[in-house]
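Note that the chains take the letters A, B, C, D, E and F in the order they are written out, and that residue 1 is the start of every chain.
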Amino acid sequence: MAERVIPSVKRKQLLELAARGKRIDGRGLLDMRPVQIETGVIEKAEGSAVVRLGSTMVMVGVKYEIGKPFEDTPNEGVLSVNAEFVPLASPTFEPGPPDENAIELARVVDRGLRESKCLDLEKMCLIPGEKVWIAWIDIYVLDHDGNLIDASALAAISALLASKIPEAKVENGEIVLTGNYVVPPIRDRPVAVTIGKLGDQLIVDPCFEEEEVLDCRLTASFTEGGLLCAMQKGLPGAFTADEVIKAIEIAKVKSEELRKLLPPLVTQHG
Amino acid sequence: MAERVIPSVKRKQLLELAARGKRIDGRGLLDMRPVQIETGVIEKAEGSAVVRLGSTMVMVGVKYEIGKPFEDTPNEGVLSVNAEFVPLASPTFEPGPPDENAIELARVVDRGLRESKCLDLEKMCLIPGEKVWIAWIDIYVLDHDGNLIDASALAAISALLASKIPEAKVENGEIVLTGNYVVPPIRDRPVAVTIGKLGDQLIVDPCFEEEEVLDCRLTASFTEGGLLCAMQKGLPGAFTADEVIKAIEIAKVKSEELRKLLPPLVTQHG
Amino acid sequence: MAERVIPSVKRKQLLELAARGKRIDGRGLLDMRPVQIETGVIEKAEGSAVVRLGSTMVMVGVKYEIGKPFEDTPNEGVLSVNAEFVPLASPTFEPGPPDENAIELARVVDRGLRESKCLDLEKMCLIPGEKVWIAWIDIYVLDHDGNLIDASALAAISALLASKIPEAKVENGEIVLTGNYVVPPIRDRPVAVTIGKLGDQLIVDPCFEEEEVLDCRLTASFTEGGLLCAMQKGLPGAFTADEVIKAIEIAKVKSEELRKLLPPLVTQHG
Amino acid sequence: MLSSAPTKLISDDGRRADGRRLDQLREIKMEVSTLKNADGSACVAYGKTRVMVAVYGPRELHPKHLALPDRAILRCRYHMAPFSVEVRKSPAPSRREIELSKVIREALEPAVFTELYPRTSIDVFIEVLQADGSTRCASITAASLALADAGVAMRDLVAAVAVGKVEGKLVLDVMDVEDKYGEADLPVAMMPSKKAVTLIQMDGQLTFEEFKEAFNLAVKGCNQIYDFQKEALRRHFAPKIEELEGGMSSG
Amino acid sequence: MLSSAPTKLISDDGRRADGRRLDQLREIKMEVSTLKNADGSACVAYGKTRVMVAVYGPRELHPKHLALPDRAILRCRYHMAPFSVEVRKSPAPSRREIELSKVIREALEPAVFTELYPRTSIDVFIEVLQADGSTRCASITAASLALADAGVAMRDLVAAVAVGKVEGKLVLDVMDVEDKYGEADLPVAMMPSKKAVTLIQMDGQLTFEEFKEAFNLAVKGCNQIYDFQKEALRRHFAPKIEELEGGMSSG
Amino acid sequence: MLSSAPTKLISDDGRRADGRRLDQLREIKMEVSTLKNADGSACVAYGKTRVMVAVYGPRELHPKHLALPDRAILRCRYHMAPFSVEVRKSPAPSRREIELSKVIREALEPAVFTELYPRTSIDVFIEVLQADGSTRCASITAASLALADAGVAMRDLVAAVAVGKVEGKLVLDVMDVEDKYGEADLPVAMMPSKKAVTLIQMDGQLTFEEFKEAFNLAVKGCNQIYDFQKEALRRHFAPKIEELEGGMSSG
């Protein structure tokens, strides 16, 4: 709940730049920073990815474990998304349990994945009510230069797409691992895009300096088919109704650009 | 463990009043404030009540859940009393896990219920050693103007008396809920009364301002049959032996007055 | 993680003494303080001991409980060593969960016991994968005058050697306690010895005042057969390679002296 | 008190499970100044969803080094009573409650003149007493009433409502069963007279066209909630103003 | 080491499970100044119930802003060793331990001249090493000895004992099996020479007449405990006083 | 990705499970200044063991009363990513991580001129991204590179390596399977040019003669690691120095 102190000189400078269609690092208002995606970086994880958005660096690891389903969804696997802001990523991060920012990040990424139904959780059930696959998605922020949501969402879906899940069979009510790995039941590739509001201007992919002076931000996630599947307004400012609509339109276009950086969906096993 | 600072001018004033048999809000030494009991306020809870003692307002919700019995009482249901001093109730309450005051409150109310044997826990056993009813009694302090113990104890027994418990049958070792609700196995109506000591005087139902300057307090709980079933001395002062006896005598009389505000016991199911 | 402040005048004094082969309490560099071991002090525990090293006093209680084995060792009992620095032992100890010093202590004692294989954990398995004996070793520091590791390790093995474990039989897949107690499956008597470095000198059994000014310390644990079974360097200083070797040689000799204070191993049951 | 999955959430004649029309709010109740100790308070019900909010402040902030020299710190805690939901909730704050505390604070902050109260805190404590969907919206609505009751200067009230998509249709003021079994949930908060959107979240799936329609329905709903809020404040303050005027005229 | 429920707690000739008469204390042992580091300490046994208490202070309080300008803060922690009970206890403080820490502190505070030590804290750390009933009473008894050992000025010692109702009879100094299978437990603490009651709690069921009888028995028991306390202090301080006198006479 | 127990860890011709000779390090990779925000950083791999370290500081310490008047406080956190091990690790610090944070700090501190930075903190944050044995050694090695990258004055780098005993033979740079199924593990850290041992731990069983041999092998290994460290710093700083010299010569 630490309150942010808005540096007013910096804000004035960025507002003036934005009014002229410019940004502090030379980008146009609707330009993303260079995006790099690398997968398979952690061999011990069933899936992993590092995403760089400019200097922002986020690592995501995917682990599959057998566990119990939730009581109200006995026929479904479990998707669990967690985020840690480890203190090496920023002088402002401190060791300890996730704060409200890390929790919000994890939950926004979670909703983008969950509501797109990208993982077919029913196919991750092994013994109904007893044993299902749990997909642990751990978001690890390594260097923070703004727009952690988009970088994390991109790393999460990249790691999932690059992951393999152990092949399990149920024999006489017991689960047997064959030792083989198969493609997990992924059927969508959601992408999140965050739009910042700076005075009267909307900007794409805000960097850390910009985030410090934003009025507010709006994140929209889209399915492969172009459906809106999650939204989140953040920061203590307000949008006009028109700005909301316009931000979503921009986000939709950008989400399609970003999705091109992802590998295609593979035909499912079984 | 925050230490209380006793406002000495206020204490002097209240001592002088008490010496003349008076109190700051015009009551006599042995008068309670107006008591209001409302039940059935939370439809999602199996039982609920709001009790007002003057401006003090306490809500209690009762939830019944099926769970495991304690290892040393495999044939008994579980009674669990918890209290939260949510920060909206007082400028002195802070968010966080229950402090020593909230814990003492919960445990004193718990002992009053438990030692009166008001809930027949054996009748709340479904499958011995495996499945029993857990009665969750959650005390929620909404506005704190003193004497939380008596208000909470009254709200707890009121919510229990107003509660319905799901009807459960055991068929082939499995628990089946019939969808009906029945009267829980309640067989007593314990009432707690707290007596404050202010100099040489004993007072009933201290308000917040009085609590701040009390020497000490003594709570006594009584069963319907007039048996003492729980006591608790609080605050860092001392009673004489005579005061202890006298306080209990007063509490007994007041407990009978308060019990008249409760609905009668209903004949048990089964 | 509280940083220690080294009292420089005291350090200078102790360095000068050590250079002349002397210590603040009159001991020689390689002398231990008087050692007292008392067992069976807590009748409710299956084993217990109090060890005094000079004014340092440590109590250890051993409890045996039936529980689940770890997933990766389904055929073995569980050894769990915990240490508490209860605040009565020192003005520098505070209530709360174990800090890094208490955790290090517990883990160093644990490694000494575990790596010596003094408890035959396989004999503590009742039903593989389901039920095993858990040996809880609780280290309770009561008075802290330095060298807690050696005192705690000595108290732990003493309490184990003095302990009795309930006799359990497995009948039709159920565990039945016969009500008798038998000798636990102990097959070694490890002893830990800590050597402190003070300037150029090595000292044995540092007291609290010495610990405050030590460069560093090295603990070595030895099995009955004279094998090194655990080591731990502590404190923010460095040893030369020669000092490491010399310290271990001293520790070995001392460990044999200390072991003479322990009761002999008893022939195992079964 | 477990509920089972319903067979149909919208009847053939366009009525919802509780008999409402698609664009109809539940019964809305608002009470201002419910509590004695709090500087401001309000109790709001959207049907069975019931929240109680207390505001303490502007008041001195502890610890002091957290204070800001140029404005108040707005703090907000959204918390659910253990008995507010079907399966008892542990009192420890869940990740969901921590996230909602943050987005609710950020939905209220644009309305508060924090710059008038430097070095202080304004604490908003929200207790959900019963949860039947749209608790975050009822919380925002109640919190802005409690802030007004506490005399905190505001640019506008904040009104909030959720629009859902249920069996293909858009519905106003989502209740629990619709949230659980519906296809999308879109909570929106606004400062109605400023036409400023201070909260927007979304779960589920909507086309862009559906979104625009849903958003417009939410704006309409916020305006209705706003009318209830103004009415509640009028009820609470009018007698006092009359009293005051009475007092003056008699003087 | 699990014990099973006993068949009979009081024999036909009025003897209790451990052979005591109804109004008889267990073997009481008290030792003062057991620990080196603490400013004051005591070890007390009521039969198998054994507690160790250390007092630190009066000492500077951290953090300082908690200090009181007109008196010392008395702090108290009652804590059970994991091995003190039949089933190993987790070291984290339980709700029971937190409640007992509070009532024990409030039982000791009337006896301490806190006003003599403004801006300081007096910390009482209680460790139950073995629990066989009446641990709170043994703790209070030991804590007042440790306070005296630390040289803290006191109005009187505090002595405590529990009376139980077992198989219809009142018994003095309740042990675990009597607490568990008996009908009532009444712990009482007093400043005996002041005749002031500083702790009273009760579990179980008693008529008012039974209560009065039990209370009187507790008062009698506290007086016996008080004699043991004075004797323990005499044993501890007498040699020093003799030494001092010896030193003076030889001077 | 669970691995099963191997049948043989050392082949008849003296090769280890990954083909290494007994006294051979795994492939060592070191990168300095990997992160933008940190004052210094390094990424180190011993085979599949991969750690990333960031250093912040010397910087002002919060809360200030923890600051020391005569030197910097060195703080260190060793932490494992949940996905770094076979079975997902909870992010909450384990007792093992707390102990390792302490011994790593004590292994680094002799090398740092803390007295040059009074009243500050130097924070070393270690993240184990993938664990395949010897993570504490890789962490120490990386941390001293990150400290150098941050420009913190040091007496020497600290290099670390673990020696194991596997099927009766001593092996250098222990990997996970050797740690798990071997007979002993001996991690050692040194300031190589000072010949000073700053960390030594041991698990398992060794005769005194075996220990001496293992210790000598560890010293040899630390020297090899030291060469890699110097090379990594040279690679990182050389271009800058050339640039600087180029800039000067062109001036």
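The rule is simple: contacts are C-beta pairs under 8 Å (C-beta built on N, C-alpha and C of every residue); 3 or more make two chains touch, one makes a residue touch a chain.
Quantities reported herein were computed from a predicted structural model and do not represent experimental measurements.
Chemist: Where the contacts of chain C and chain D overlap, which chains show up?
Modeler: none
Chemist: Which chains make contact with chain C and with chain E at once?
Modeler: Chains touching both chain C and chain E: none.
Chemist: Return the chain whose centre of C-alpha atoms lies at maximal distance from the corresponding centre of chain B.
Modeler: F
Chemist: Using C-alpha centroids, which chain lies at the maximum separation from chain D?
Modeler: C
Chemist: Centroid from C-alpha atoms only, then distance chain D to chain F, rounded to Å. What do you get?
Modeler: Between these chains, centre-to-centre, one finds 52 Å.
Chemist: Report, in whole Å, the distance between the mean C-alpha point of chain B and the mean C-alpha point of chain E.
Modeler: For chain B versus chain E, the centre distance works out to 28 Å.
Chemist: Would you pick out the residues of chain F that each touch at least 2 other chains?
Modeler: none
Chemist: Going round the ring from chain B toward chain D, what is the chain order?
Modeler: B, D, A, F, C, E
Chemist: For chain A, which residues count as touching chain D in their complex?
Modeler: Per the touch definition, chain A meets chain D at residues 1-3, 5, 98, 100-101, 103-104, 106-107, 111, 115-116, 216, 218, 220, 223, 226-241, 243-245, 248-249, 252.
Chemist: Quick check: in the complex, which residue numbers of chain F touch chain A?
Modeler: 1-2, 35-38, 41, 48, 50, 52-54, 56, 59, 77, 79, 81-88, 91-93, 123, 125, 127, 129-132
Chemist: Which residues of chain C touch chain E in their complex?
Modeler: Residues in contact with chain E: 42-46, 48, 55, 57, 59, 61-63, 65, 82, 84, 86-91, 95, 97, 136, 138, 140, 142-145, 166, 177.
Chemist: Help me check something: in the complex, which residues belonging to chain D touch chain A?
Modeler: 66, 68, 73-75, 95-96, 98-99, 101-103, 105-107, 109-110, 186, 191, 194-208, 211-212, 215, 219
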